[in-house]
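Each of the two complexes below includes chain A, the first together with chain B, the second together with chain C.
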Partner chain A sequence: MSSPDRGNVGIVIVSHSPKIAEGAADMVRQMVGNAVPLAWTGGDVDGGLGTNVAGILEAIEAAWSAAGVAVLVDLGGAETNSEMAVEMLAEDRRARVVVCNAPVVEGAVIAATESSGGSSLAAVKRSAEEFYA
Partner chain B sequence: MHDAHASRAGETSVPLTASAVLVNKVGLHARPSVKLTQCAKRFAAKIELALSGDGPWTDAKSPVKVMRVKAPQGATLHFRVAGPDGEVALAAMLALVHDGFGEA
Partner chain C sequence: MSLDRASRENLVRALAEAVIQHADELTSLDQAIGDGDHGLNMKRGFEAVLATLPGLADKSLPEMLKSIGMTLVMKVGGASGPLVGTYFMELGKALPEQPTRAEFVAAADLAINAVKARGRSEAGQKTLLDVLVPVQAVLAAGGDARAIAMEAAQAADRTTPMLAIRGRASFLGERSIGHMDPGSRSVSLLIGAAAKVLEFEVRL
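This part shows the complex of A and B:
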């Protein structure tokens, strides 16, 4: 189950509010620890509420892992911009990034918990999405 | 408080069982649930927990399912473990609960 050669799945938190994104990341760090690559992004390019593709791409880069990256989003634009960011990745990376259908805060903590045990990207996504199951 | 007479299994197909009382203040809330699943994931054995010796049993490696158990302080947590490293796994789970997940 563990995959030390590839490392743990990275987690990216995308919220319209940078405060929510940062706060969710704080919760992940405190509850799950530092064994998981983690990055957050929030706000539009002018610093208002919103999301932006460049910021999401940067976050995916920062949390990159050969095991893949799971993206947790809040509402509407966060999801569509995340999907757009994934589209813009190099082809070999695109398949290793998934946007999870899960609540952003809870999903991030659960995804990171799953990842910290060395689980695959598919298992990380599945676990985060159990919230809506 | 450990259940001293954890049943011994001669073969791995028979699950080991034991129980421990939740001593930490918040019970099995978010943070302890995360620690519990992280601990469970270190082992190959199938690890399940329940609030009663008769179940219903919950996969101890699923953080979402473990949180849904909502076990309060003072509740007795029953474990059922099956697998080649089952004995070590069971001991680790009991120790974690006994130590209040490090938060007393």
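This part shows the complex of A and C:
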């Protein structure tokens, strides 16, 4: 699930549950329409609850924007796997992807709203992280 | 330390069997203080590693370790995939093809530091580092395979009274006390299996 790159920061949603990831993405779409590149991933490689690096890499690719990509994650393994995925990106892309320390649903909606106004990657990350700080 | 092809294959099979045979135990440890998927996740990862044999054992020791690490990162799924996978990958990156014991100790030091960075954790927080770090001390002090395996098992036991500070178990606060850390148990099984193979193959 992705949208054309209009120069806004892309948003990736990573949850242990594909249903939560998809549902959070639906909420983001309702807020910002197609103004923001968006992708979600959830579940382990067998389809059970969990996260997987290959799925996260695909989602980052799908939501890629020259402005960068903000990744929203739920519990521990989602964060560790997302950080691993970022490290496995090509070097020129690595610096343009950030994992946000924010709740996955609220963080995704806030980050996408910030992104839809054309904000920088740093500003998108900050708004997601500050809202619940 | 020089491992021929047959020894490398024995090592891979021993590591995988140790995890796969204990998958149910690892899962029940994780059900007590985590999300209950650790045994299944690790089993999936090591089954994927086994599926890369026999080609896996054709690789040099460093390349083989890197490949095992990458498979675990991609297949395990929980936080333990990147953590255990990082250990194997960094060990592979840092080892020469026929390491001396001192070179092995130095490479394992780098691998442990990479695991600490990946998990933003230190020993004492009820994680796999509570096995990796004390075992590394025995290895560095010249301990033989038996001493290494014994320390691994005892170090996993010592996580039982610890309070979890990192990972899913930290949500339980003081209720995490009294249960062995599943990741520590996995790593102690892996180290025990490796020590047993290496004791016969290279007289570690």
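The rule is simple: the second predicted complex is superposed on the first by the 127 of 133 C-alpha atoms of A that agree within 3 Å, B and C clash if a C-alpha of one lies under 4 Å from a C-alpha of the other, contacts with A are read in each partner's own complex, and residues count from 1 in each chain.
Throughout what follows, a residue touches a chain if its C-beta (ideal position, glycine included) is under 8 Å from a C-beta of that chain, and two chains touch if they have at least 3 such contacts.
Model, not experiment: these values are computed from the prediction.
On the superposed chain A, the two partners chain B and chain C both fit, without a clash.
In the superposition on chain A, contact of A:81 is made with chain C only, not with chain B.
Of the two partner chains placed by the overlay, neither chain B nor chain C lies in contact with A:9. Contact with chain C, but none with chain B, is seen for A:49 once the two complexes are overlaid on the shared chain. When both complexes are overlaid on chain A, the residue A:109 reaches chain B alone and has no touch with chain C. Contacts of A:24 after superposition: neither chain B nor chain C is touched.
By the document's definition of touching, neither partner reaches A:70: not chain B, not chain C. Superposition on the common chain A brings chain B within a closest Cα-Cα distance of 26 Å of chain C.
On chain A, the surface touched by chain B in one complex and the surface touched by chain C in the other have no residue in common. Only residues 1, 31-32, 109-110, 113-114, 116-119, 127, 130-131 of chain A touch chain B when the two sit together in their complex. For chain B in complex with chain A, the residues that touch the partner chain are 30-31, 34, 37-38, 41-42, 44, 61-65. Of all the residues in chain A, the ones that touch chain C in their complex are 16, 44-46, 48-54, 75-77, 79-81, 83-84.
Those residues of chain C whose C-beta lies close enough to touch chain A in the complex are 35, 37, 40-41, 44, 73-75, 77-83, 85-86, 118-119, 167-168.
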